[in-house]
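Here's the structure we're looking at; comments come further down.
Should a chain be cited, it is by its letter among A, B, C, D, E and F, assigned in written order, with residues numbered from 1 in that chain.
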């Protein structure tokens, strides 16, 4: 399971990194969002994987590490705030500049 | 006990102010908001100063939030370094806010709230002793900086904000990965505890922790604008409004602070297999950053951009100096940090107000009309230039001398000498060029009629006079930074102070 | 203490003319001139001590940490220079009073001049080399301001900048040199450095240090090859030139050589470098002086030449040579100041300084001509003026040095050539201006200046004569002490006008004759030189700086393309470079931890997740589909959270994902739906490479982590949750209690984001498509009936669920955050189903205030614990027993959670409603259903 | 016996999700994809319930409840996007 | 799992039955989504069969928990919410499909009157 | 009374949901539930449209039972169609002319149509006077319309008295 988990996280990260390297704001924002999913999984897994051990006292004998869960929760919320901001910033950029390309048009790379 | 609570006041005051600023304040809210903001900034400043005095007298202050002592709860650890940085923030924030209160805050909504949030985030980042909490405060200060960067709107601003935001979002993701890795290897989040645990690591676990530590370096590198990660800075700082850029003068320093904190405490002298993890890299990158800043200064044709590169130069200087890992290096780096923060802040404001009074030519380094308050700006420019270049008699030269003396007489020391002196020369040439073009070489005819409110000039004057204070009291300040460095390098007693339950007893309400 | 007065009185006094801005010029002049005079008065008793062989010192600690103290001394050398600076300074101020026109800003001039004076005084009296350096740089700055005084002239600006750059660069080299010396000597105090002479000269860093110090001296004194800046400093008003070129600025370099002489001189390297450079400079300067048509240009190059002479003497370094050098310093100051003032008078009265235009002025300006002839004769080294004596000494020293071995003969020969050239340009100065035929038409009708303006020149020319005639009476005392302090030995100087017939006298004679010959043949020299014209140092300098700037700029446009992808790639590459070496060091990645078995569902889930992630990346140009793939990713992630025992996370992730998707779909409306392929193949390849490396790193780290055991602080939370926090849901307890501060920060972030977004949307004019991707117009019904009804039904139910989730958070999965999001989602559903107007009519809630109150409640809960003498955010709980209800728990954490709840609702609604209502006014209303 | 049945059910639901995902990826039209997404949600919900039975725990209940309540919101949003472009107006 | 295996055999059977019902119907529904020819026909499959699929599982869940002693009905809520929301999703999707004029399976009889025929928004 | 309980059925169902959520009838839960389920409708009152209220609750129960039965039938039917041969598929699009116009009943009817055998309501047309239905099976539209009218619409009209 550990192998599967880490491979999944890796693949997810790689895909989001690829998106982040695109030249338009929307895919980049989606990439960032997906990266935050991947990162949340990663952060979550630093407490190691446990099945059927929700850290609720009295329900189990073995508990999963609750601390990473709390951290991930915070990270999710912050990630949400950031996603929201960047999405709307992308819209604003589109509204103001008329294109959603992240770079100026005459600057080499994106327009090639 | 109330003195104990002093530890958190510099965070809470801006927080509550910001929250109050979010409420509607009737039909003409602006005067009330300004009064509120200024009052709060002054209060923060007072608290920060009291805190510094307190810590200096009674030693490190450990404030266990929620009464959960380290390493289990989050603690604020106010050692000399933290209090120094907090005071610096407060000191910078007040004049910047005064400047902002003169019409700057009308350019868009929520200026005052975001400003206070920003201050809160910065101070929080300086105060916290917990790695994840540091992340949270990084996010607080980042998101408010995103908001502030958009202040005033405009095409260029939008694009550079977009770059800034996206790049920092990537940085935040990397931050989480590294925090995760470090937690997974050490099982703790408290930095002091982590320092203890890191020292016990060996073999493959140590390698994992190293990987995490290095990733963290990249994260802080983005904030501090180290060489390959700095590209956001010139764009961002030069397009945003002056007041925001001036406040941002401390933002790169948050990155620098984090580097100093983490790579001295956690991966510092006691870290066994991870000893001085980042020093070599910081050395090379610091020098490269410095060189890059030099080239950047040479290549720029805009005053603001020039100042932005000055920030980069100062970051390079700081990190290269820090990387000597000696008490003298750290101490001088801190002195220089104080100086460069204040002066770049003043320069950003100056560039802004000059751009305003110059009208069409704005901050481009070209011949333009005379400004309405030409002579005042000329004097201010001269003072700021002398200070930032590091010419006597203002604070810059003291800082520079200190750094040069602290550099070891060795190959690396000579590299630093060479690049720093070269940087000084380039600054000299570029600042004289800028001043000559913008202030001396004016068009004939009537000066521009737009005149900035006097408050703005007062604010800049306040910051510049700080440079004078820094010069006059250079020695006591240096003494203080020396003690900061000593405390910082004493990485053995730091954890014992932090982790030992400060309040003694357990939570006892039942 | 008096020494402080001497140095700092002019510095502080610089404010006086500025304060007297509105008064008349005489007042300002008197006030200004009073300052150096007062300094002289203060210096007088000190000077007596010095002359008696004492060294008065003053010290005030400033930066003991870096051995930087305000330490001053007034030894012989200092006294010599102090007298020159102050004495000539007084004359200069007097002269400037008449020289400046009424349009010039005299306050600024005087202020800068005083500042400059102060920094010069500082250099020569500093007892600490770092302090000396500080004043050294101050002279650069203040001379910059003086040279650029007429800043509306391009020449002045450029000259000033060039001077600053050159001397500034030299100053930095000097600093490095001084730091090395100080490092070797262990102190920056002069005496300590002198004492460490042997250590310094034996040190491996001696040569670099010496070179650096010499660089400083040579740039300041305009020695070859740094002589280029000095003539361009002529753009300054003449009083400034007179001051800079006679007693100050350029003499600072000489002073430095003399000052460091005890510590650095005596080695072969010193001798060869300094002597040779001095010699070359002398010749080059003299040659160019002859060629200049501008009076001030001539004088400037003659300064260069004379400085070369002095420099050479210091290079030779023998006792007699030092005497000659310092004596010439005095002499040069006298005649050069006089000459510049004369040139200024001519310029002032005749309106030009071009020698090709001036001639036969003797008739109109007899007094000026007389004085000019005296000082020029002194410069040319004609007896009986003082210049003659120092030149004799110089020639003597040139003859007596044997340091170049068999080639030593060339020194006296070249010295004689230099002297001859000096005679030639001196003749030119006099002959071209005052004689050389009749009067030509000039911009102004020339006449003698006001008497007071000529007074300084008169004084100086008198000095030339008196020193020449009575050297033992006038200067020997000061020279004694000055030379003593250079050679660190008590010596007595013997000076006499007449030395008898000897070789130097013959050489002088040869020089004078040669000078006349050269002058008569000058036209050929001019012709010869014409081919090099257009080689203006100023332009060269500007061009070099400009081209450096341009290439830097070009380099930058190449490096910094403003391309976000490049920045991102650089960040990622940095991570790769930093982290991969660490991963290489891992021997066995797989740890000892027992691994979980793999089951079919997990494989399916993982595959779906991976494929969906992959599809999101691949389909990035089809944005809507990409979003759907993203929501699958989000869903599977939340299911995996649930599967791996994190119900709280699963819930949060689910609701957040729904809200994020709504947000993105909202945003998509304003975005292009589909974009063309934009990247080239090799860029895609590069990106894939980076992506896979990063993915690989993360996966490796993750695998390493997952398979290894560790000790964590979490057990504490599980152990203390019930007793310390009063709940059973440990995750929630960590959030609201153990690490409540994180949560406070987190909701603050949310609030800031909402405020920031509000700000973003404020002035936004969105781009709104009127048809969908296929060009089809939009559906005409805004709010479908069924949706409206069901949404209305769901709202109260969702609220009940939200309350339920909120209340149980402490003990079971849930909590304020999730509850807030549930409530917010239900509200968003209202917005979607019923529209902004509908909601606004019914709920007039100020989300912003709600959000603010939310955070405030949370924070105030924290503050509340202060009243129980506990740190911020300390929680408190108790079990209450009420009739009917039974036993239940009350915890302050619940109040905190309430704050979270309200914040989340407020912030989320603020974001979405603001975003949503952007379009409301722009779209047609619904018709029928 | 029950274990076997639950395992079979797991496999069936998993296969369902795979088929849905296939439809989601294939399209051919946007409504198809949205429908597939909606079904993925519902099947995941079922999977969660099944996990709950399997592990004999109540901890999955809330997550499932939330999917039931809000899974459709995404669908609605997507559908409304197709209809009107703008979700909130 | 052990707790479930302790239950009386008939209860286990019942639970197994409902789980199987749910799983099979869900599977068929998804299968329908995958193999049916056009959007409208595909729409039928999940909207109906998933209800049954969820219904079965929910009942199984209720029995399995209730059989251990305490009556637990809260899973019922899931079914209620799903029954409330599923038709809306289907409705909106069908609307969208009509709006975007998706191609229909060939044998489909379009019996709409002219006035029912879909009208696009024209005023823009 | 109507001020405290603006929508009694809503309050009741919310209370039911509350109890189901807590899965308990402990006094604390009940009291808290009463308070909250009273408060929520009051708070949300402005958002609660003037729905027709249920006049004959017992008929509503009958309707529910019929509905559940039909859902089960529908499942089997559709399953058969999915697994069966393609040529049995004879979809149709047709309009069911409504007899009532009130919002809530129409919504319920439309939902019912979607949940019951072989039909999905696609659109409410003609200014709420018809429901566009997509049918799956090979039955004639008239037949289906008739079933819907008899089985559901009639009952709904009775329940809501319209």
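One rule holds for everything that comes next: a contact is a pair of C-beta atoms (placed from the backbone, for glycine too) under 8 Å apart; a residue touches a chain by one contact, two chains touch by 3 or more.
To keep track of the chains, here are their UniProt names: A = Na+/H+ antiporter subunit C; B = NADH dehydrogenase subunit N; C = Monovalent cation/H+ antiporter subunit A; D = K+/H+ antiporter subunit F; E = Multisubunit Na+/H+ antiporter, MnhG subunit; F = Na+/H+ antiporter subunit E.
What you see is a predicted model; the values in this text were computed from it and never measured.
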Open item on the list: Going by the touch criterion stated earlier, list every chain that contacts subunit A and also contacts subunit F.
Closed with: C
Open item on the list: Looking only at C-beta pairs that count as contacts, which pair of chains has more of them, A-C or E-F?
Closed with: A-C
Open item on the list: Quick check on this structure: which chain has its C-alpha centroid closest to the centroid of all protein C-alpha atoms?
Closed with: B
Open item on the list: With centres defined by CA atoms only, which chain is the most remote from subunit C?
Closed with: F
Task: Chain whose mean Cα position lies farthest from subunit B - done: F
Open item on the list: Roughly how far is subunit C from subunit E, centre to centre by C-alpha average, rounded to an integer in Å?
Closed with: 70
Task: Approximate Å spacing (C-alpha centroids) for the pair subunit B, subunit D - done: 48
Task: Rounded Å distance, subunit B centre to subunit E centre (Cα mean) - done: 57
Task: Between subunit F and subunit C, distance of the C-alpha-averaged centres to the nearest whole Å - done: 75
Task: Multi-partner residues of subunit E (at least 2 other chains) - done: 29, 31, 43, 72, 74, 77, 81, 84-88, 91-92, 95, 97, 99-100
Task: Interface hub residues of subunit A, defined as touching at least two other chains - done: 20, 25, 28-29, 40, 42, 45-46, 51-52, 54, 56, 67, 71, 74, 78, 81-82, 85, 89-90, 92, 96, 102, 104
Open item on the list: Where in subunit D do residues touch two or more of the other chains?
Closed with: 13, 15, 17, 30, 34, 55, 59, 65, 69, 71, 76, 80, 82-83
Open item on the list: Applying that definition of touch, give me each pair of chains that meets it.
Closed with: A-B, A-C, A-D, B-C, C-D, C-E, C-F, D-E, E-F
Task: Residues of subunit A defined as touching subunit D within the complex - done: 51-52, 54, 56, 59
Task: subunit D-touching residues of subunit C, taken from the complex the two chains share - done: 599-601, 604-605, 607-608, 611-612, 615, 624-625, 628-629, 631-632, 635-636, 638-639, 642-643, 645, 647, 650-651, 654-655, 658, 661-662, 665-666, 668-669, 768-769, 772, 778-779, 781-782, 787, 794, 797-798, 801, 805, 812-814, 822, 825, 828-829, 831-833, 835-836, 912-913, 915-917, 919-920, 923
TODO: Note which residues of subunit A are touching subunit B in the complex, please.
DONE: 20, 25, 28-29, 32, 35-36, 39-40, 42-43, 45-46, 67-68, 71, 74-75, 78, 81-82, 85-86, 89-90, 92-93, 96-97, 102, 104
Open item on the list: Considering only the defined contacts, which subunit F positions touch subunit C in the complex?
Closed with: 10, 13-14, 17-18, 21-22, 26-28, 31-32, 36-37, 40-41, 43-44, 46-49, 51, 103-104, 106-107, 110-111, 121, 124, 127-128
- [ ] Would you pull the subunit E residues touching subunit F in the complex into a rising list?
- [x] 25, 28-29, 31-32, 35-38, 40-41, 43-45, 47-49, 51-52, 55, 70-74, 76-77, 80, 83-84, 86-88, 90-91, 94-95, 97-98, 104-105, 107-113, 115-116, 118
